[in-house]
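A short worksheet on the structure shown next.
Read from first to last, the chains carry the letters A, B, C and D; within each, the first residue is number 1.
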Amino acid sequence: MTKDLQDLNKVEQFSIDAGISADELVRKMGKSGVMGAGRISTATDIITTMFKDKDCTVFLGAAGALVPGGMRNILIDVLNTGKIKVFVTTGAMLTHDLVEALGYHHYKGSARVDDAELQKKGIDRMFDSFMPNNVYEGMEDFFTKHFDEIFKEKMSIKQFIHQLGSMVPKDKPSILRSCFEKNIDIYCPAISDSGIGLMIWGHLAKNKKVDVQVFDDLKDILNTAWDAKKSGFIYLGGGVPKNFIQQAMQFSKGAAYGVQVTMDRPEPGGSSGAELREGISWGKLNEKANFTDVICDVTIALPLIWSAVKTRMK
Amino acid sequence: MTKDLQDLNKVEQFSIDAGISADELVRKMGKSGVMGAGRISTATDIITTMFKDKDCTVFLGAAGALVPGGMRNILIDVLNTGKIKVFVTTGAMLTHDLVEALGYHHYKGSARVDDAELQKKGIDRMFDSFMPNNVYEGMEDFFTKHFDEIFKEKMSIKQFIHQLGSMVPKDKPSILRSCFEKNIDIYCPAISDSGIGLMIWGHLAKNKKVDVQVFDDLKDILNTAWDAKKSGFIYLGGGVPKNFIQQAMQFSKGAAYGVQVTMDRPEPGGSSGAELREGISWGKLNEKANFTDVICDVTIALPLIWSAVKTRMK
Amino acid sequence: MTKDLQDLNKVEQFSIDAGISADELVRKMGKSGVMGAGRISTATDIITTMFKDKDCTVFLGAAGALVPGGMRNILIDVLNTGKIKVFVTTGAMLTHDLVEALGYHHYKGSARVDDAELQKKGIDRMFDSFMPNNVYEGMEDFFTKHFDEIFKEKMSIKQFIHQLGSMVPKDKPSILRSCFEKNIDIYCPAISDSGIGLMIWGHLAKNKKVDVQVFDDLKDILNTAWDAKKSGFIYLGGGVPKNFIQQAMQFSKGAAYGVQVTMDRPEPGGSSGAELREGISWGKLNEKANFTDVICDVTIALPLIWSAVKTRMK
Amino acid sequence: MTKDLQDLNKVEQFSIDAGISADELVRKMGKSGVMGAGRISTATDIITTMFKDKDCTVFLGAAGALVPGGMRNILIDVLNTGKIKVFVTTGAMLTHDLVEALGYHHYKGSARVDDAELQKKGIDRMFDSFMPNNVYEGMEDFFTKHFDEIFKEKMSIKQFIHQLGSMVPKDKPSILRSCFEKNIDIYCPAISDSGIGLMIWGHLAKNKKVDVQVFDDLKDILNTAWDAKKSGFIYLGGGVPKNFIQQAMQFSKGAAYGVQVTMDRPEPGGSSGAELREGISWGKLNEKANFTDVICDVTIALPLIWSAVKTRMK
C-alpha cells in the first residue's frame, strides 16, 4: 500500500444496534466518512462547532416547502437556540408559518391526484402536501385587523416582518414569533413574492398606504457580516436566502464555517446548486473554512442532523 | 394489439441527414414524441403557438447563470420579439447584463480550479465561467454618474429597472435596454439581492436617499394577469421569477400555455422543481392548458428551442 | 375547510428531543408524512411489515458504491436476518466485498484531487473514497489458490458466487460468506463486468477452463417469484439488480411490497430512475401493493431506515 | 483585468438566425463554451475528432430507454459509420430493438396514467412511452423458429447476439443487424436480464439446451483495448455498458477521447454518475485525454450532437 493511504483514515464498515440514538447513528456515518453518509456527519460536526464558537456569527438561510414538509418546529427550535444572528428566508416560508400560526394546517396528500379536482375542492398542492385555499381568508382577517398598526411608518422589510412577529398569536410557537422575540435579524428580500405580498396588495388596492423600502435591509446584513469576528452559514435549500447571505459574506472575512443542504445540481451554473467551494473565489468563504455540501432532501437531512446537533449541545 | 394503442401515435424512429436545420431536428424529436426529445418539441410548439396567439399575454421568468452561460443575446432576441409583456428575473441576471453592457465580459474558465488562487487573482467563478472582480468598479462608476438622476423620486422596482435601462449605453443591445425600449414590464422582487443592490447600498452608506417601494409592482403584474384574455408563461429556471409569475397566474383565468425548463427535482417539494401540473390545483394553470416540463439545462434547451421557434415565426 | 381535507391527516410539525433514538426520529418523520421525510418513514414501515410477513418472499437488489461507502456491515446485517430469500447485486459490489474480506480497506479520500497523481500512487478513486490498486494482487493470489477448486464443474453464476462465499476467510463477516452460509440465492447477471471477472479472464488467458452458464440462474429466480405466496422487494440503487428482480416480479403475483432508494430521475425513461408505480402496468407490482420511492443517497437513507427497522424487529 | 483572464476566451453572447442548421447551432453553443452549452459543443468536437482519428478504436456504450425514446435509427446510423469497433449495451436495448425488428412499435403515451388500467389493457409503460405486451408473443415465435439454429454450439454472448443479428428480418435496419453485418463486437454482459433472457428461459424450461459462457467475451474486449493504438469511448447513459468499457480501458493506454451523457449524479459514488475524470486515477482515461461529461437527457443531447457530427463528417 502506498504511503499516501497510510495517512488516510479507513472507511469503517460500521454496524448498527437496535435502539441506536440518532446522534450515535450520525457518528457512525462519520466513521464511513465518505459520500452522503460522510457529509451528514461532517455537516453535524460543523454546525455543532459553529454553534459552540462564541466568536462566530451564524447566518441561516432557508428556502423550499419546509413548513408544508413538517420542518416548522425544527426551524423554530434552531431559531430559539439563540445561536442564529441572521435568518434569511422566502415569502412562502413566512406565509406558511403565518398560516399555521393562525390555526390552519397542511395535510398529507399525494402527488398522484387530479389537480383539477383539487382545484374544485379548494385545495392547493405542494408536491404531496395539501393546503386549504381558505387560509387566504384567515390571512385576510389577520391583515385587516392589524394593517394600520403594522404600517404606521416607513420601514424596512425586516421591520415589517418583526411587526408581523409581534402580532401573531402568542400561545403557540412560530417562526415569525421567534424571530421577533429573539430579535433575530430576519430578511426576506422577495417578500412581495408570497401570500403575504398578496395581502398587502389587497389593501393597497383599497388605497391603503405602506412604505416598505427595498434596499434598507442591506445596511444591516452587510454591517453584521463586516463586523463579525468570524462567520458561519447554514443553507437549507438555495434561492434568494442562500444568495443574499452569500452576498453578505463578501463583506465578512470569508465565512469560517459553511453547510448547505440541497438537491440542486451545480452543472447548470445557477447559485442554488453551486458548490460552496466556488464561494472561495468570491471571498465569500474562507479558503481555510470548514464546509460541506450535503446532497439531500432537506426534510431528510435536517431532522437527522438536528437530532445529533441538539444532543451534542445539551 | 389493444384498441387503446391503435389510438395512439407511434414513437417514430427518426433519422437525421447531414446539414439538418435545428428546426427540422426539433420536429424530428417531436416524431419520437416521448421523454426529453418529445418535451423539447412540445415546448417549441407551445411557445410558437403562444407567440402567435394575439389574445395571449406572455410572461417570461428567467433565473440562473444565463448571461455567464452565453444566453444573453438569445434573451434579448426573445424580448425584442415584442411578444413578451412581462419579464421577471433575478438581481444577478440584471447585474450580469449591466456588467456586459458596460463593456465587461465573462470568460470560459473551469470548475477544476483552485478557488483560492482565483480569489487572489480577482476572479469570481460561476461553475466553469469566470468574471473579473473589477466589474464592481465599472458598476460603481456607472452608479456614481447616474445615481441622482435615477433616484429623483419615489418609485417601484420596475421603474427603477426601467431607469437603469434608459441609462445603459445605447450602442449595444442589452436586456435592460430592451425592457426599457420595448416597454416590457420587468420585475425583480429580490433586486436588493444582487451586485446592483450592493451599489445602491454603497450610496446609501454615504447618506444618499432612495425611495424604492417593495410592494408597488404587485398592482401592475396582478392587474396584467387579471386583465389578460389568455395568458401563457415560460420559465427558464425556477426561483423568484417562476414563483412571482405563478402567483400572478392565480389572478388570471389560469394560464392557457406553460413551459418550464429546469434541472430541479419535484420530490423535495420546493417551487423551483415543482411540476407545472401542480399549478392546476391553485388555479395558476388552466386544466385544459397546453403545457410541458422540460428537464434540461437551460443553456442546452434554450438555444435549441429558440432556433426552432425563431425559424417558425419568420 | 373542505370535507376532503377532514379525511386526511395533518402534517404534524414535530419536535426533536436531545438523545432521540433513530427509530423515534423516523417515526416523527412519519408524522410529517410528506416529501422525503414521509418516504423514509413509509419505507421503514414497509420493510418492517415485509420482514414480519411470513408469507412474503423478499428480494433485495443492491447497486452502487455501497462497500466503499461504508455500508458493508449493514448489508451483511440485512442478509443475516434470514429474511432475504434472493439477493441480486453487481460484480463491483462482490469485488469490493471480496477485497475487504481479504483484509484490504477503502479509505476516506476526496473528490478534489489530481487524479493523475492518484494514478501514479496506485490509488483508484470512487468519488471521495480511495482503494489501493494492489487489491488486485490479493485477489489474484486468492483466485490462483482456489481456481481449480471453484471451477471443477459446469455451474451457474449463483453457484460460482456460492463457491466464492465458501472460500472467503471465515473469521470475519462478508456479503459473500453470508450468502453462502444463509443459503441466500445470490444473483449477479453481469458478474463478468467486475474485478472478479478480470481475475477469471486472467486464468482463461492461461488456458484454464471454466464453464459458467449465462442463462441458468433464470430458472431459479423466476421459479422463486412464481412460487411465492407474496413477494416484496427492496432496491438500493438501480442498474441490473433492480431490473433483474423487476423481471422476475412479472412472474409473481405482482409484488405486495416495494421500496426503492435512488437519486436517479424518472424523466429520461431508464429503468434505474423509473418510479415503482410504473411496474404496475407490467404486472411487476400489485396495484394494491404498499410501496414507496425514496429519493435519497443510499448511504444516508439506508443507515437511517435500518436503524429503525432493526429496532422494531427486536 | 488580471492577466489570467486575458489568456482565456470570452464567453461569446451568440445570436441565432432563423433557419440555422443544427451544426451551426452547436458551433455557437461552443462560442458560449461554458455550462451545458459548452459541453454539448465539446462532446461534438471530441466525437468528430475520435471518428476521424484513424488510430483510434472507438467503444460505444448505451443504456436506458433509447429505443422506446425514438433513438433507434440514430444508434443504427452511428453503428453504420463503420467507426464503432465495440458496442456494449443492455439486454433491454437489444430486446427493444428486436421487438421493432419484428414489426412491433413503441407508442407515445403518458406518465400521467392509471397503471392498473394499462395492465388490464396489456400495455407496458416506460415513463411516457408504451409497449404492447403482446410483443412477447412475437418474440416467442421468433425464438421458437430459430432456437435450434441459434444454439447449435457453445458460444459467447457476443456470438449469441451476432447469431440473433443474422436472423432478424433483413428488410429493415436494426441494431442487431448492423452489429452482425458490420461485424461490430457487441457485448451485453447482463443479457439474461432482459426479455430475450426470458425467451431463452422459456425454452430451457422445455428442456432445450444452450451453452452460452459468462466469461468468454472478456478475452475479446480486453484484447481489443490492449491492442488499440489509441482508444476513445462514448457513453450514452451508465450501467453495465459504461462500466464494462471502463474496465476494458484499464487495459488500454488510457482512453485518449471520452464523452459521456448522463443525468445521474456523482455524489452517491456509483459508476453511472461518476465523472469521467475519476477514470484517470484508475488508468482508464489518459491524463491528457480530451473528454467531457454532458449532464443531459440522452434523448435531447444525442440528436443534437449527432446532427452536428454527421454534418461535419460528410
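Heads up, the rule we're going with is that a contact is a pair of C-beta atoms (placed from the backbone, for glycine too) under 8 Å apart; a residue touches a chain by one contact, two chains touch by 3 or more.
Not measured: the values here are computed from a predicted model.
Chemist: Give me the fewest steps it takes to get from chain B to chain D if each step has to go to a chain it touches.
Modeler: 1
Chemist: More than half overlap in residue numbers between the two sides of the chain A-chain B interface, or less? Answer same or different.
Modeler: Over half shared, hence same.
Chemist: Comparing the two chain pairs, does A-C have more C-beta contacts than A-D, or is it the other way round?
Modeler: Output for the comparison: A-C.
Chemist: Could you work out which chain's C-alpha centre is the most distant one from the centre of chain B?
Modeler: C
Chemist: Any idea how many Å lie between the Cα centroids of chain A and chain B?
Modeler: Each chain's C-alpha centroid was found; their separation is 25 Å.
Chemist: Taking each chain's centre as its mean C-alpha position, how far apart are chain A and chain D in Å?
Modeler: Here the centre of chain D sits 42 Å away from the centre of chain A.
Chemist: Report the inter-centroid distance (CA atoms only) between chain A and chain C in whole Å.
Modeler: 34
Chemist: Touching at least two other chains at once: which residues of chain C meet that condition?
Modeler: 34-36, 65, 68-69, 123, 127-129, 263, 265, 267-269, 277, 295, 297-299
Chemist: Enumerate the contact residues on chain A facing chain C in the complex.
Modeler: Spelled out, the residues of chain A in touch with chain C are 1-2, 4-5, 8-25, 28-29, 31-38, 40, 65, 67-74, 77, 100, 105-109, 112, 121-123, 127-130, 132, 134, 263, 277, 295-301, 303-304, 306-307, 310-311, 313-314.
Chemist: Spell out the residues on chain D that touch chain A in their complex, using ranges where they run on.
Modeler: 34-36, 265, 267-269, 295
Chemist: Provide the residue numbers of chain C that touch chain D in the complex, in ascending order.
Modeler: The contact residues of chain C facing chain D are 63-65, 68-69, 92, 111, 113, 115-116, 118-119, 123-129, 133, 157, 189-194, 197-198, 200-201, 204-205, 210-219, 222, 237-240, 243-244, 247, 263-275, 277-283, 287, 297-299.
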